[in-house]
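Okay, got some structures for you below.
In what comes next, chain A is part of two complexes: it sits with chain B in the first one and with chain C in the second one.
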Partner chain A sequence: MKIKTLLVNMTCALGLALAGSASAQEEGGNFVYLVQPEPPSLASFLSTSGPIGLVAPKIYEGLLDYDNDLNIVPALAESYEVSEDGKTVTFKIREGVTWHDGEPFTSEDVAFSIMEILKKVHPRGPASFAEVTSVDTPDDTTAIFNLENPAPYMLRALSGYESPMVPKHLLEGTDPRNSDLATNPVGTGPYVFEEWKKGQYILLTKNENYWKEGLPYLDRVVARFVPDASTRTAAMENGEVMYGAYGAIPNIDAVRLREMDGFSVSTDGYAMINPMALVEFNSTREPFDKPEVRKAISLAIDRNFLIDNIWFGYGKAATSALSSNFSATGLYKAEPEAYPESPDVDAAIALLDEAGVTPGDDGVRIKATLDLIPYGEDWRRAGEYMKQALMPLGIEIELRYEDVPTWLKRVYQDYDFDMTMNYFYQLPDPVLGVHRHYATSQIRQGTHFVNSSQYSNPELDELLAAATTEADADKRAEIYGQVQDILAEDMPVMNLFEMEFLNVFNDKLHGHDASALGAYGSFDQVWIEK
Partner chain B sequence: MSQSSKRIRYVLKRLLQAIPIILAIVVLNFFLLQLAEGDAVDVLAGEAGSATPEYMAELRAKFGLDQPLIVQLGVYLKNVVMLDLGYSFRHEMPVSQLVFDRFIPTLILMSSTIVIAVGFGIILGLIAATGLNTWRDTAISVFALITYATPLFWVGLMLIVVFSLNLGWFPTSGMENFAMFYSGWDRVVDIAHHLVLPTITLSLFYLALYTRLMRASVLEQQGEDYVTTARAKGLTERRIVFVHVLRNALLPVVTMAGVQVGALIGGSVIVESVFAWPGLGMLAFEALFSRDLNLLLGIFLLSASLVVAVNLVVDIIYSLLDPRIEVS
Partner chain C sequence: MTFWKLFARNRSAVMGLVIIFLIILMALTAPLFFPADPFSLAGQPMSPPGENGFLLGSDSLGRDVAAGIAHGAKTSLLIGLLATLVAVFVGVIMGALAGYYGGFIDNLLMRATEMFQTIPSFIFAILLVAIMKPSIESIVIAIAVVSWPAVARLVRGEFLSLRGREFVQACHTIGMNDIRIMLAEMLPNCLSPIIVIGSLMVATAILIESGLAFLGLGDPNIMSWGFQVGAGRTLLRSAWWVCTFPGIAILLTVLAINLVGEGLNDALNPRLRERT
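Showing the complex of A and B:
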């Protein structure tokens, strides 16, 4: 193959999509779903905050979308082509798409969105588009991305959730951080923003001019905010809402609804998010500066106990620094020695002895504080389990549960912690979601969800840099193999388990699982059985 | 001077006195809120996933959080005096608009609760006191004790289970069925329908208080000399209770109601949360956890003003109930 060409033909894909689910869909209806908590704004180009992701991608779209097998599906880009050296990516932009205010969508909007918005003010955009030096727009339907180095991960970051295309004509010359679009969004997506009643709901209506023929089916989409978890469940049971994702219905209620007629539970739609529960160690503090101590703790934890008893069986024990979801791209490598199937207290104690961390007169080797991510009761219970599980090792844990701003400041600004329980999104590529944990360059005081362990290993840094620009899939897999070996040995972050968030939905609802993005998708194919 | 002009002068004087009180409340709250760790930028950046320190510094400059405290306070007070409550950077909206939008649902819930709690409290208290030590008295006292001792959120959830899920009489949550686009009277009926369960939940708690208070108050009045006199004059028991005792017995209940209006705004967080009622309590709760200072101060300012206003109204009601209490 002389020139590496990847072409996706949209007419074909759309034809298949329509043929596959022909006739059954019913038009019309109001779809009410749960969003919790209420989003601070709808500026998905400024913030990747979860609740924003539940609403904004219905309004804004990306260049590409991803199906449930993680294949790339065209969206605002009809097709794309990567040059042989991997340094030029040419997107063919769809013709005839208009913004909700009637203006045409062109390659100019793409160039502006990437260079002026996502690269500058988006939290993850600077990483996703780090290699993009410029975007050329020879005509309205062509956008050429010029890259410094190949960036294979970039094509995984072009969904409407991760990298929304925003209207140039409304943002140019304004301060995007202070834009009216934050509360009054204008996109190209299947639903048009109508009204936001603070404390109650966001109402979207059908985009009559949507570029996908015959879509969407629904007349209205309503995102409802219900603060109390039990009431959310009652509203679902009563048919007042039809869908809740990302833990809107707590697992304890989800397993009950699962057994009832008319409701179902699924775990699809999180493969692009890849949430991983974990513990970050402060590697500058004794005795957590010793890799043996960190590894000993990993050996003593029964990950399946956490999953079965606290998360009601939803989750998968971690076996490496990378989620096993990366086996789809060949990057995952199991590390059974550091992540044993069942806990091995004896080996853990041996490791502690080896590191010279010996018990005092009272039998206690280490006294430490475990901070808990303030995102709900499950984490508290997990903390209580950790406290018990580490007791046989002579590690005495004190639990600390604070509110979100206090906890964030403690961990990422003041570095005033021993261990903290947390969860990270590993995202569709390790470059996007995993490097931020471990790279020396990611020790960025005051920045949230980066290398709070302050772990620094030049050898690892080199491997991470190589993996970022390596275009060859096999070589890339090999590099990540080494990365995982090093991290299994050093373990600045101890992964607990791959989280499985739950979608709970009314059985009358269909088409909500059309995209790999699940609840962060556009809902363009959702329809309700009357 | 006539009674009415005296009353107007009194109201004006009280209002003037209220200004320094409210300002003091604002200043005090301002400093109290500074004690919380982290600020609005930490929360916004934390939710956003990742943000650079430069970006956060920029945000702080934009919000005015990089200024010395005393300057921040000065700016805020200046704005308040000009009736500008500032801007909520989290919601990207003026505070006054946010607070006003949420004040209406709070007002609806609060007024219906006060009417039900005070109204039924007075009736039940009166029934209990007039039938002292009979089965009526015992039943009402036990009822009051139980409702007072039951946690609000539990009552709310149980009402949802029984009346929404099992009987299907009322919606589980929210203030209106927005998907139906009701207008006019239909909308009023729809909101009233949604209002029933939250009002009952919140009323039950306060109802107990007013029942006990009314009962004690009536019993106390019945021992007074004027009741003996009335009885000696040969008035019927009914007339004694309704014309003489009731009026006097109401005073403590009205006092209590005035004090509790303030508490109702704060105390309804639980009910608002359980029933997803879009009121001020939830807004304040969220504002605290997102360190949205402007918004919180705005809410405090409003509730402080409300308490001051209600107390004034209570004082006036006093003088109507009991002309011996003069306004001066």
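Showing the complex of A and C:
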């Protein structure tokens, strides 16, 4: 029996945290941070929309948390055991935790949250818990997950952001899609929901009964909504707000604030999100049905030019289908041949010749349209760069910039595109964030952010299926090595660069970077220097 | 006094005409001085004016601001003229019909123009371009759609006052058909206000195009001044030259066209003819 226990780990971590707290942390204070845009609701069990993630995890918690090195840290579960065949995961639930309304939190809530809510109404829950057939609750502090097949990735999807535990006593027998909890959340987290002034702020207050001894430090947490970017920057500059993440402060202003006294910029807290900028090819359209053409385009792109000149140096050139952040779990493999360090136009032209895509009388080999993700100016600049970078190859690009619904429909419903620039969250495990790009089963017409390339490769499908259920870490890494080899050769999706979102914060603020989830974390250790 | 003498009495109008002439010259000679595509990544990004071979500096991708201004002149003038032509064409037809026939047709057409005029024109243009995909055609259409009601109302007013005049009645008596009366007899008599409003409309059209491009609703494949300003807007604090020079180009062009429009008004408006 292979047993993983976190008890020792946890005691050490908590001990260290408490030892540190005695000397430095200061109690009290109001913490105001930026949330952009205003969340549609606080129902994090229904939607993974970004702004919900910025607020809800302060109220709801998950079974586990993750530290900055992506190690698993206990949260509502004190410890867990994975059986040797990987098909049973037993969580020891923390005793003495209460919901904000005073009801005790038990394993019943866990079973209900997983089986009735996350598996049914959460956008990514059905994938995260696909293998879970039932959750047994022999007593109040034990939750046993019975799995169809081993699901190692599941343990990466148990944070308060990704899989919040919700109160059974308030949701049972109601329609979770129309629950009061959406605007009046009741969780177990460090902060209690107090007030939502639409268009202005959400106010949370300290949870006096929080299970972590001595936490939280703050009296109040305020999520402020400021629609205008320059007003947000000004609010940061004059100390009105102390923290902004996920691009709340634009990169151009962030680099300016970085040089000023009293402000800092960090890129931590996105390792569980793993955003990747990329180009999706329509692999059913000529000439993008030829892998050589897709690869030639990858060879001609200067990824660092994009990062340096459009994203102000924040980002890391992509080197494989997987983000290099997966090297922490050993799954990443560099593919320098398909993702060269600097562009190689000659090699790209040679590839096009080889594929039989030859220039016409006007020197043009391919005329194609590049759709741009309508999420702001940066993407337009990137498209303008692509257009120029592909000209020497004889590829003439026309740029198309539409509104969000039209673009989503074109790419994911009508498949009426040649290439589209986009970005995807690769999430903490490839099963959750990467498979959706490439698996044949993910050619789901009408579903957003899945396999719009309509790429289908039975060999790859088999490898992906094997990687999903492989419990052994080394074997899993080997499978993903093969996956990345195939994708470097076929490249139905061309990764551009690993995006780095920015946190801009006042230097008086501490403890906001305690979790791998960064701004999607609980902020339980945040404190303000007076 | 000849028309030119009347026009030349207004010094600033002549200056406007010179500026417009220079801008047209710049648009025509742009391919000679800047043979490369204005979108091409010509060198070091964010070079200040005068450095790295960029007369007016380069933008965040290393595109030549001067080349963009030269090539953008063609776009701005073309869109301004085309949109105005379409707007005047539609406006004259609507206004002429309404003013000439009066009654039910007048009512119908004027309620239609009112419907258009109650929507703020720039917001309406944004809406139209956003619905159609941003391209040079959709921008021309959008500007024309928001501009024609003004022409229509003006022409209607002129036709209403001309309708009862003796020469029009004479035309009726000798059996001229309606179309011919409208086109050959009445229209020439209200040409001057149409020319004046049309010239001013070119300036407005250029401004609307710039505004649309600034908001990211320009044709992404065509260089224009508004596009340059929009692309440089975020860099204003670190690279002022990227949007300043195209901004000056817009200012000068619009100013020049307004001055010429004013001059035309002075020269063509009989009530102002004797103004000293």
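Rule of thumb we're sticking to: the second predicted complex is superposed on the first by the 517 of 530 C-alpha atoms of A that agree within 3 Å, B and C clash if a C-alpha of one lies under 4 Å from a C-alpha of the other, contacts with A are read in each partner's own complex, and residues count from 1 in each chain.
What we mean here is this: a contact is a pair of C-beta atoms (placed from the backbone, for glycine too) under 8 Å apart; a residue touches a chain by one contact, two chains touch by 3 or more.
Predicted model, so just to flag it, every value in this text is computed and none were measured.
Of the two partner chains placed by the overlay, neither chain B nor chain C lies in contact with A:A296. When the two complexes are overlaid on their common chain A, residue A:K198 makes contact with chain B while staying clear of chain C.
Using the contact criterion defined above for the overlaid structures, shared-chain residue A:D403 touches chain B and also reaches chain C. When the two complexes are overlaid on their common chain A, residue A:L118 makes contact with neither chain B nor chain C. Of the two partner chains placed by the overlay, only chain C lies in contact with A:Q388; chain B stays clear of it. More residues of chain A are touched by B (comparison of chain B with chain C). In the superposition on chain A, contact of A:I252 is made with chain C only, not with chain B.
When the two structures are aligned on the shared chain, A:V82 is found in touch with neither chain B nor chain C. When both complexes are aligned on chain A by C-alpha atoms, chain A residues 402-403, 406 touch chain B in the first and chain C in the second. Against chain B, in their complex, chain A makes its touches with residues 30, 32, 37-38, 40-41, 46-50, 121, 123-124, 126, 177-178, 182-183, 197-201, 203, 220, 222, 224-228, 230-231, 234-235, 237-238, 240, 402-406, 408-410, 413, 425, 436, 444-450. Chain A meets chain C in the complex at residues 250, 252, 256, 309-310, 372, 377, 380-381, 383-385, 387-389, 391, 398-403, 406.
Here chain B touches chain A in the complex through residues 36-39, 42-53, 55-56, 58-59, 62, 90-93, 98, 101-102, 105, 153, 157, 160-161, 164-165, 168, 171-175, 178-179, 272-276, 278-279, 282-283, 286, 289-291, going by the rule given at the top. Those residues of chain C lying in contact with chain A across their complex are 37, 39-41, 45-46, 60-62, 130, 133-134, 216, 220-221, 230-231, 234-235, 237-238.
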